[in-house]
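Both of the next two complexes hold chain A, though its partner changes from chain B to chain C.
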Partner chain A sequence: MKLLQILIDGFAISSLYGLGAIGFTLIFGVSGVLNLSHGSIMVTAAIAAWVIAGDLGLGPYGGAAGGVAMAVALSLLTYMLVVRPIQTSSRIAREEKEIFVLTGTLLWGIMIQEAIAYLFTSNPKTVRPLIPGVIEILGVRTPMQEILTAVISWVVIGLLWLLVNRTKAGKVLLAASINPRGLTLLGFELPQIYFWVWALYGLLAGIAGLLLGAFLGVSSDNVGQLTASAFSIVVLGGLGSVTGSLIGAYVVGYLETITAYSGGPSIRTIPVLLLLVLVVYIRPQGLLGRR
Partner chain B sequence: MKSSLRLMLAASVGVGLTLPAIAADPIKIGVIAEVSSISGAAIPNAAKLAADEINAAGGVNGRMIEIVEYDDHNSAADAVRAFQRAASQDHVHAVIASYVSEVVLALEPWSGRLKMPMITPGAASDVISHRVHEDYAANKYTFHGYMASTFLSDSVCDGVKAIAGPLKLKNAVVMSEDAAWTIPLDAEYLKCLPKIGINVMDHIRLSPDTTDFTPIYNKIEGLKPDVIITGISHVGVQPTVQWHDQQVPIAMIGISSQATSSTFYKDTNGAAEGVIYQTISAPDVGVTPKTLPFVKAYEKRYNITPAYCGYTTYDEVYFIADAIKRAGGTDPDKIVDELEKTSYVGTIGKVEFYGRDSEFTHAIKVSPEYIGGMLVQWQGGKQVTVWPNDIANAKIKFPGYIKTGTN
Partner chain C sequence: MTNRKSFAAIAAVLFALALLPFGVSGYVLGLLTLGFYTAVFAMSWDLLFGFAGEVNFGPSFLIGIGAYTAALLNHYEHWPIWACVVTGGAASIVAGLVLAVPALRLSGPYFGLVTLVAVLMLQNIIVLFAGITGGEIGLDLPDVLSIDDSNNYWIALTFMGISGAILFGLSRSAVGLILQASGQDAMQAAALGFNVTKHKLAAFCISALFSGLSGAMLIFYEGTVSVGTVVDIAVGVQVIIAAVLGGRRTILGAALGAIFLIGAGELLRPLGEASTFVVSAIALVTILFVPGGFLGALLHGEKR
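Showing the complex of A and B:
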């Protein structure tokens, strides 16, 4: 019984982690940016959905659409306001740009976090579930929203796979991650590609944030933890590898769930952190890393 | 002397411009709280409301009350810095501080060092008043304006005892967050629950960082208790929403600080339905003739009902003002002497403080005659009082998935 519960809960949370981390790794793969405002974009989506569904009275679906739209807008804003000016600045040395982007996105994330706390308090909010109610799976009472979380996560991940592998736009994305210079020689505008990658990233982070908000609830206090968890998953799976991130998400998700059920939720993240230390020692490039 | 100097200074600055209207120095009350939380925000909100009312009525001996606000971001270090600034730079005359025991315990020594009268409207740890008892000379400037944890547990037990029969409550699991205020709370729960005939099957202390409560509910459900006795304040929305979404079939009764404000229903999308919490004042019951007018004024100004520490803060501004009036000035030792003599009927009942002979020195007296506890339940989006019976407005009613009282 407990095993089945762990299997179900672990699957839902891992799928959600996967969706959250996949956008994070995509941005890194394509444009070399580690976006440390990741958590704040996820939380923004959830809080916006909560406000739009409740205060503005547009219901769960209106809230969901508005939340994801907010995440996309915020993601593009992050790119144009923070990342792009650093990348194009001639006053920042090339080798220092990565650290500037890291710092810039980190501070940007904190600004968003503080703004959310100021406007909507740091108290957690929960997004209205799209499908309320529970269902029994072999005797385990499972909220419909938990099942929906896993299903939507995998549908979105599947669509992303189709986009990358089956469309011209996807091939351009792949090319940008492998050889951006070659791509510019073929006449593609890199800034334009980056713009679309950030929009795509916003969409993924937004959906992940929304699902998390409906499944467990989020507050502005979760921002750092969400960024750290995406970061851990991506390091574990191998920076820039989408498949690696998915595997990493399942390793982290199940390890956490097993720990929470056997040792207690207060030590939930400890084994994952120990595993990360091990990975950094033994296989610094991560499970499927290519750099 | 000081004020006449200021007067001269103000007058000389005003020469050549319009002469400023010169009033007596204001009485400054510093308010330190985490304003981005439900409970924390109620502290400055209620303080400003009280100050405006006092000022509209002419102030204290012609002196206006000025509230000086500080946000401590729920950090003891920030709170200490704010406290130091309040005393040495902003020259406040008293401080109302925080609903977080850890923060108040960090401020307590500073209250003594800087001889700054301080009262907490919402922290609960017994240690706050025990320290005053143990070293009165050093800590006498601190007052505990809310029920100490032990009294909170006793109040919950009294309520549970009254409702246990009809709801058939026999077995309980105690679920509290890991924090300073719940250490004495849990210790007393474990003592008082068996005394009222409730068997405690397990005692769970959860980390305030917990986001997924499924494993905890899973464990509790496995034990098949009739009720979960809660001690939560830093967490609230997430355990409540997950309790509801997972349809955990066990009632939750106890301390749930966030549930005291009306925003809780909105934040949980209504998952709060059925939650029963202990408090000392509720928006539907006039504990005293002052309670409901305060709730009405607060709602009008802030669009939400006050969290529990809003009621206490509101009263505190009033009785601090009274103490200063009786003291005839702002000398801290005289203010402390007068605060000790406080006998003030506010929104929460009659406020008096335990004396030096009690181990709860400077904590508010708890008994039906002074401040008594009550149980309030979220029903149909409203907070309704369900115990004590003489003031109850409704009978206890649970959502369909709760099995309590039906088996």
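Showing the complex of A and C:
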């Protein structure tokens, strides 16, 4: 019974983690950027959905659409206002771009977090679920929203797989991650590709944030934790590897769920941190990393 | 000549700062005292990042170890303050070595992540053993440095002056140059016959020592230790922002940035929750348009 509960809860939470981390790893794989404003983009999607569905009275579907649109817009802003200027700046030495992008996106994330806290307070908010109700799976009462979370996560991940592996646009993305210079020689505009990658990333992070908001509720205080967990999952799985990130998400999701059920929620993240340190020392490139 | 000029300028600034208690209120002194300790955090961080090129996301791990070691010794064993501070600094070096020896095998984002995880672990451990450490509420200390604002201010200023002189001197020495070379091109530095790992390890120890000492001094100034003031990720973020804002690879710029951040945070306090937003925005605009930071811009202007 408890085992089944852990299996179901762990699966839903892991799928959500996977969806959240997959965008993070995509941006790193294609453009080499670790986006530390990741958590704030997820939270923005959820809070926007909450405001649009509730205060503006557009219902859960209107809220969901609005929230995801906000996330895409914010992601593109992140790229154009923060990441792009640093990448093209001639005053920043090449070997220092990485730390500047990290610091820049970190500051940007803090700004978004504070703006949300200022406008809508930092109280936790729960987005109204798309499908309300509870069903029983072999005796375990499970909210419909939890099942929906897992289903939507996997549908979106599946669609992303199709996009990357079965379409021309996806091949361009892959090429950009393997050899950007070669792609430029073939006449593709890298900035244009990056623009679309950031839009795609916003879409993924937005959906993940929305589902999180409906499943567990979010507050602007969660921003740092969300970014850190995406970062951990991605490093665990191997930076830039999508399959690795998904495996990492399940390892983290289940480890946290098992710890929370057996040892209590207060030590939930400790085994994950220990595992992370262990993996980074023994196998720095992660489970399926490329370098 | 420029060297002598800037030396004279720094001496003049320090002298003016030392006279401040005769002219301004205790409130301003308290603010600057906090600024001076933060300045030492930022300078230590700059030595590690600006010179050794190691992205340490967890300065508050080293600060927190020093602070909590000192706090526990004072609270439970009633050691005198100076012994607690020295032991705190030593504990930070040990913690720095534990972190650095394996972590220096890693590079870039991986090293950054390990340092970040170290902070989260420390925070978890402190909260988990709340019975001993006071958890999130914190721990009161029986002793304080001084109850007089001016004395506290002078102690902090002296501490910052000495730490700054040592860190700055180190960065301008042969060791500093080797560190800088290792940070920019480790392979070439090694090819020239320098032991890159040994130098980076030394940088880590020195950075840890001053972070720990400053953390321990800070809590004896405040009379209490808590996760929020010496361990939280936000503390580390503030240190990093201060160093980048003031100008990396300058040591002194980091101090400038730290004092500016503490001051700006206080000036903007009337804005309430929006103040962090404004400070972050200023920092973001600075790194986008003046990537060299305050001091970088100043020195650059002078060169022309």
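The rule we apply is simple: the second predicted complex is superposed on the first by the 291 of 291 C-alpha atoms of A that agree within 3 Å, B and C clash if a C-alpha of one lies under 4 Å from a C-alpha of the other, contacts with A are read in each partner's own complex, and residues count from 1 in each chain.
Definition applied: a contact is a pair of C-beta atoms (placed from the backbone, for glycine too) under 8 Å apart; a residue touches a chain by one contact, two chains touch by 3 or more.
Just so it is clear, the structure is predicted and the values come from calculations on it, not from any experiment.
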Inset, instruction - Mind checking the superposed model to see whether chain B and chain C fit together on chain A or clash? - result: fit
Inset, instruction - Quick one: classify A:260 as touching chain B (first), chain C (second), both or neither. - result: first
Inset, instruction - Scan A:129 for contacts with chain B and chain C and give back first, second, both or neither. - result: first
Inset, instruction - Based on the superposed arrangement, let me know which partner A:5 touches: chain B (first), chain C (second), both, or neither? - result: first
Inset, instruction - May I ask you to decide whether A:35 touches chain B, chain C, both, or neither, giving the answer as first, second, both or neither? - result: neither
Inset, instruction - Report for A:115: first if it touches chain B alone, second if chain C alone, otherwise both or neither. - result: second
Inset, instruction - Mind working out whether A:284 is in touch with chain B, chain C, both or neither, as first, second, both or neither? - result: second
Inset, instruction - Mind working out whether A:228 is in touch with chain B, chain C, both or neither, as first, second, both or neither? - result: second
Inset, instruction - In the overlay, answer first, second, both or neither for which of chain B and chain C A:95 touches. - result: second
Inset, instruction - Report for A:141: first if it touches chain B alone, second if chain C alone, otherwise both or neither. - result: first
Inset, instruction - Report, in whole Å, the shortest distance between any C-alpha atom of chain B and any C-alpha atom of chain C after the two complexes are superposed. - result: 5
Inset, instruction - Residue by residue on chain A, keep only those touching chain B in one complex and chain C in the other, then list them. - result: 117-118, 266
Inset, instruction - Provide the residue numbers of chain B that touch chain A in the complex, in ascending order. - result: 36-38, 41, 178, 206-207, 209-216, 218, 236-238, 241-242, 245-247, 258, 263, 266-269, 271
Legend entry - Partner chain A, residues of chain C touching it in the complex: 49, 53, 55, 102, 105-106, 108-110, 112-114, 116-117, 120-121, 124, 127-128, 184, 233, 237, 240-241, 244, 248, 272-274, 276-277, 280-281, 283-284, 287-288, 291-292
Legend entry - Parts of chain A lying in touch with chain C, wherever the complex brings them together: 34, 82, 85-86, 89, 91-92, 95-96, 98-100, 102-104, 106-108, 110-111, 114-115, 117-118, 224, 228, 231-232, 235, 239, 266-267, 269-270, 273-274, 276-277, 280-281, 284
Inset, instruction - Spell out the residues on chain A that touch chain B in their complex, using ranges where they run on. - result: 2, 5, 9, 13, 54, 117-118, 121-129, 132, 134, 141, 143, 145, 216-217, 219-220, 222, 225, 257, 260-261, 264-266, 268
